[in-house]
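Look at the two complexes coming up: subunit A is in both, with subunit B in one and subunit C in the other.
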Partner chain A sequence: MVSFFRLILVFLVIGCSNNILGQSENEMVLVTGGSFIPLYGTDSATVVVRDFKMDIYPVTNNDYLEFVKKYPKWKKSKIIRLFSEESYLVKWEDDVTLGINFLPISPVTNVSWFSAKSYCECQGKRLPTVDEWEYAAMADEKLPDARILPEYNQKILTWYEAPKTFENPIGSTFKNYWGIYDLHGLVWEWTLDFNSVLISGESRKDVDKDTNLFCGSAAVGASDLMNYAAFMRYALRGSIKANYTGRNLGFRCVKDVEVLE
Partner chain B sequence: MKALIKILVIALVITSCKNNKNTNIASDISPKEAVSNEILELSIFNLPSTWTTQDNVDIELKSLKGDILVMVMIYTTCKAACPRLVSDMRNIEAQIPKNNKGKVKLILVSIDPETDTPTRLKAFAKENNMESEQWLFLRSSIEMTREFAAVLAVNYKKISPMDFSHSNIISVFDTNGVMVHQQEGLGVDNKETVKTILDLAETN
Partner chain C sequence: MKLNQRLSKMKALMLLIALTPLIALFSCVDNNEKKDYQNTADIPVSREMVAELTAPPHVPTPVGRRKAKKLIVNMEILEEVGEMTDGVKYTFWTFGGSVPGSFIRTRVGDEVEFHLKNHPDNKLPHNIDLHAVTGPGGGATSSFVAPGKEAQFSFKVLNPGLYVYHCATAPVGMHIANGMYGLILVEPEGGLPKVDKEYYIMQGDFYTKGETGERGLQPFDMKKAVAEDADYVVFNGKVGSLTGDNAITAKVGETVRLFVGNGGPNLVSSFHVIGEIFDKVNVEGGDLVNTNVQTTLIPVGGAAMVEFRVDVPGTFIIVDHAIFRAFNKGALGMLKVEGEEDLKIYSGMQEEGIYQPEGGGIQDMPAVEGADQAVASAKTLEEKMEYGKATYMQTCFACHQAEGQGIANAFPPLSKSDYLNANVNRAIDIILNGKTGEVVVNGVTYNSVMTRQDLTDEEIANVLTYVYNSWDNSKKEVTPAMVRSRRSAH
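Let's look at the complex of A and B:
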């Protein structure tokens, strides 16, 4: 019992504790690693992803509210401009009140990369890498890699046209092969290394491959130009900055799977 | 098809405002603020990361407070763009008059901390005649480097064991660690960058 209290004390001291923060704490599922060819990969094209656990749902307004209450430096009125633009939680009433018409179980949006990263770290998790996110998101209901199916791309593109999906509650889209919801159809999501994308996403810029702006950009071309949906995601990642926030940009966390010796 | 066009149009709109090669980001920061002891909201001194120099000394970014900082992110095994970025940095350094040299630190930050050990950075400094006091080489952990790049809006990706793709951006920070200017591209006209540095040196 004493050691238990000591443990709690340690958590309090380091400020960013691993104890239970929101209801989504335990709602993670295992994604079995493997190799795949992402739209934008490395020289050798195939990328290896290790086993990891991923949040079943995106982080909700309610989860995030608990987070800012616990870590006030991420409150709307406290966050420093280096870590977020002014649009951070812009539609919230105040520091601890969601906006009118906000569902507590809708995905939180208008959060910056810094704040999303900190949220995950404070739960002992982290943001997924681009490769991990894309790996988990290439699954449909039945297949771990559904990218070959024309319907798969069509379905995602249809979502990209649907208005205001960020207002929907979590879990309102399909459950994929891994048991994960809402990777497509709700909000765009931050990734840990979003700034590893070296396309500017702008046709005027990309035409001449921009060898002066990006060293080596010619070496990493798109592997599957038919995958427009993935192209859109990479273009978005390539065009945003870490202090940026968007009404349709949220996040979820992942965790490494501890290898048993 | 219609959907695709719509998406591409949206993408264009989203990204169309980021085409400026030379942007003055916070030029309206008044000199008064420079005197304050507090860390300004936009300052990179807010980052908690620690870095190791080419002399194997651990520092925090805030220990650089008081100097004008010119920063670039490179990796020492790079064969393509980095030699040109390095020469761009030397070119900038050469244009700072002697009496102001002491106010400016030129910093090369490694995006490949696994390879670029302090020893490697030291050797790189020697090879490139960047051994005088105003040159600083830094490396940190992979995570901290990723975060630092995010602040500088530098994108990079490891594409093979020895090579990275990366943006070519030189950033200028005032004595409070607030970014005031960025130059994007290789061998671009650095007149604006040098002017920014000299203006800062005049007011400090």
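Let's look at the complex of A and C:
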């Protein structure tokens, strides 16, 4: 992957905005589109997701290191404050050294939304939308939508409680129905429109107002368990801003599937 | 009361004590350099101070007679693995690294500048809702903070009392169930009446994937939480946080004030101290004072201040009087009081005798031939084990627990027990006669009471055989004859 990445980057002389290079498709799998009712979102209506390809693994420290080497403006000493607060790559030893506390194949964290977005764009990819991410992440090993299984939700909740999982290597959780690893169990992941859900931080107020939530979840027979795992993701998304970074917050990219005419 | 406090500013302490009632009558007219604020929102603040925060069971220094201040509270949120009871780990989410969270002590009129810091290693966003806050969400709307960030907001404490604070981030129930609650005290002007000892106790219920006592790192169980089927009901975040070496202490003659809260998330507390009567309870943490209270009800998300003078030495057990919670789920603490006995108040056991309701004609021991024969006798070891287990589950289980593991700091284990295996006759004697006082089992000292058990010779033989042949014990077989010989030895 790394050498392949390097090969691509050789061609990237100037910036990478709107470039179409970097088709590292061998690391992606197809997620067949469909419709689903998000657990908690802007509204409770059915959402249609088109086919897309998603990275099998979250972006690793090593991947990101190569990225900043090629695009120095994303080095920790160079990054524009507007695009990230001080905690950007805070634990890296220096601009191009991870340091001893980092496994090269652990997910990269302490990156801002701006930097994650740029990373994906430099590969001709983009960040997934909340709906795409949630759609892919509702699969367990066997089912594309495992949300109704209490064990599945309990497993996710258990991860939400497990400390320091950001230190684990990629691929250390399970491979889901689509062939994607680590959507749950390693780190939170940036989404393109993470801030489209307005959570005030006062969850009880949100609950009061959003009666749709209860109607919607009642309609699909949602247990509390089912809501709880999603609540926590949305709460996290509601608490962050695009220039924030987090020790537990990484990302992966997706790519649209060209429609064959 | 307020008048006296104003005066005490001006007068020397000794004089005050002697003359307070008198002076109060005459001097209120010319005492006009201090205002009495009808509205506590008008109380001005002078100077700035960083609040002292304490982990339970300790509380910060009383406010005394200090003026209202700008009080800076630095509270750090930590998600960390801790111990629920011996061998059982749990990921606690905490305000300040303890469950319950750090105790905050303020006085009415203080302007609190609250800094809520979410540790970078934490996974989740959090916030804080303080019941002492007058404002939307009790501060929750203004304190929502992502991992690695700090939120700041300010409020003025207007109403004196003892208040709960907790996290109110979705899913609220889970944040609270994982330990995100604590107490904030707002003292009236001049402070609460002085007492000798003050402690901080907060009850909470916990829900684990494994059954009560199941070892290892136990994740939170959402289903049980919804069903309100608690595995642990504890004081101060873990079983045994207030027992043994962790017991709170006082000396005879001292007045003890307990700041008691209940974080829940589900279960109200019937707070009781065995062998004490609360002289004074600030019901629900407010102004209403009740006196001579045996058990006070503490709602979830509520608190109470209880006060009592300890008159005799001994160990006083603190419980939620929903008693299975105390003996089976952990809601048990201890107050150890040292000092001189007062036999007038409490005599201790004066005489032990046989009670025969029908007079001397009938013996009190039903364990003679007739009774034994009414029940089928166990012939084989298997039968003995079976009957013994039945007796165990009826008689011994509540304290010594299903796997003989006992309850930490309260009831000694029977599994792999050196004390048990060392001496069969002693074990028989304890069942026959009961046992009070210190025993050392597997290196741990227990100081508790076991009552004498009214069992037949055969029942005792069976239950001991069961215990000796379970849980890595020495596999002794106890016969009814052995029990009989011990009985007649007394």
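Just so we're on the same page, the second predicted complex is superposed on the first by the 209 of 261 C-alpha atoms of A that agree within 3 Å, B and C clash if a C-alpha of one lies under 4 Å from a C-alpha of the other, contacts with A are read in each partner's own complex, and residues count from 1 in each chain.
Here is the rule we use: a residue touches a chain if its C-beta (ideal position, glycine included) is under 8 Å from a C-beta of that chain, and two chains touch if they have at least 3 such contacts.
This structure is a prediction, so every number in the text was calculated from the model and none was measured.
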Query raised in the report: Who does A:Asn248 touch here: subunit B (first), subunit C (second), both, or neither?
Result: second
**Report entry** Which of subunit B and subunit C A:Tyr228 touches, first, second, both or neither
**Finding:** both
Requested in this report: In the overlay, answer first, second, both or neither for which of subunit B and subunit C A:Ser239 touches.
Outcome: both
Query raised in the report: Is A:Tyr160 contacted by the first partner subunit B, the second partner subunit C, both or neither?
Result: both
Query raised in the report: Of the partners subunit B and subunit C, which touch A:Pro150 in the superposed model: first, second, both, neither?
Result: second
Report task. Using the touch definition from the top, say if A:Thr46 reaches subunit B (first), subunit C (second), both or neither. Result -> neither
Query raised in the report: After lining up the shared chain so the two structures overlap, which partner does A:Asp193 touch, if you call subunit B first and subunit C second: first, second, both or neither?
Result: first
**Report entry** Doubly contacted subunit A residues - partners subunit C and subunit B
**Finding:** 157-158, 160-161, 200-205, 228, 232, 235-236, 238-239
Query - Interfacial residue positions of subunit B with respect to subunit A in the complex - result: 3-4, 6-8, 11-12, 14-16, 18-19, 41-44, 46-47, 78, 80-82, 146-147, 149-151, 153-160, 163-168, 184-188
Query - subunit A - residues contacting subunit B, complex - result: 42-44, 80-83, 113-114, 117, 157-158, 160-161, 192-193, 195-198, 200-205, 212-217, 219-220, 228, 232, 235-236, 238-239, 241-242
Query raised in the report: Any idea which subunit A residues touch subunit C in the complex?
Result: 87, 150, 153-154, 157-158, 160-164, 188, 199-207, 224-225, 227-228, 231-232, 234-236, 238-240, 244-249
Query raised in the report: Mind pulling up the subunit C residues that touch subunit A in the complex?
Result: 79-81, 91, 120-125, 127, 136-137, 140-149, 168-172, 174, 178, 209, 219-223, 226
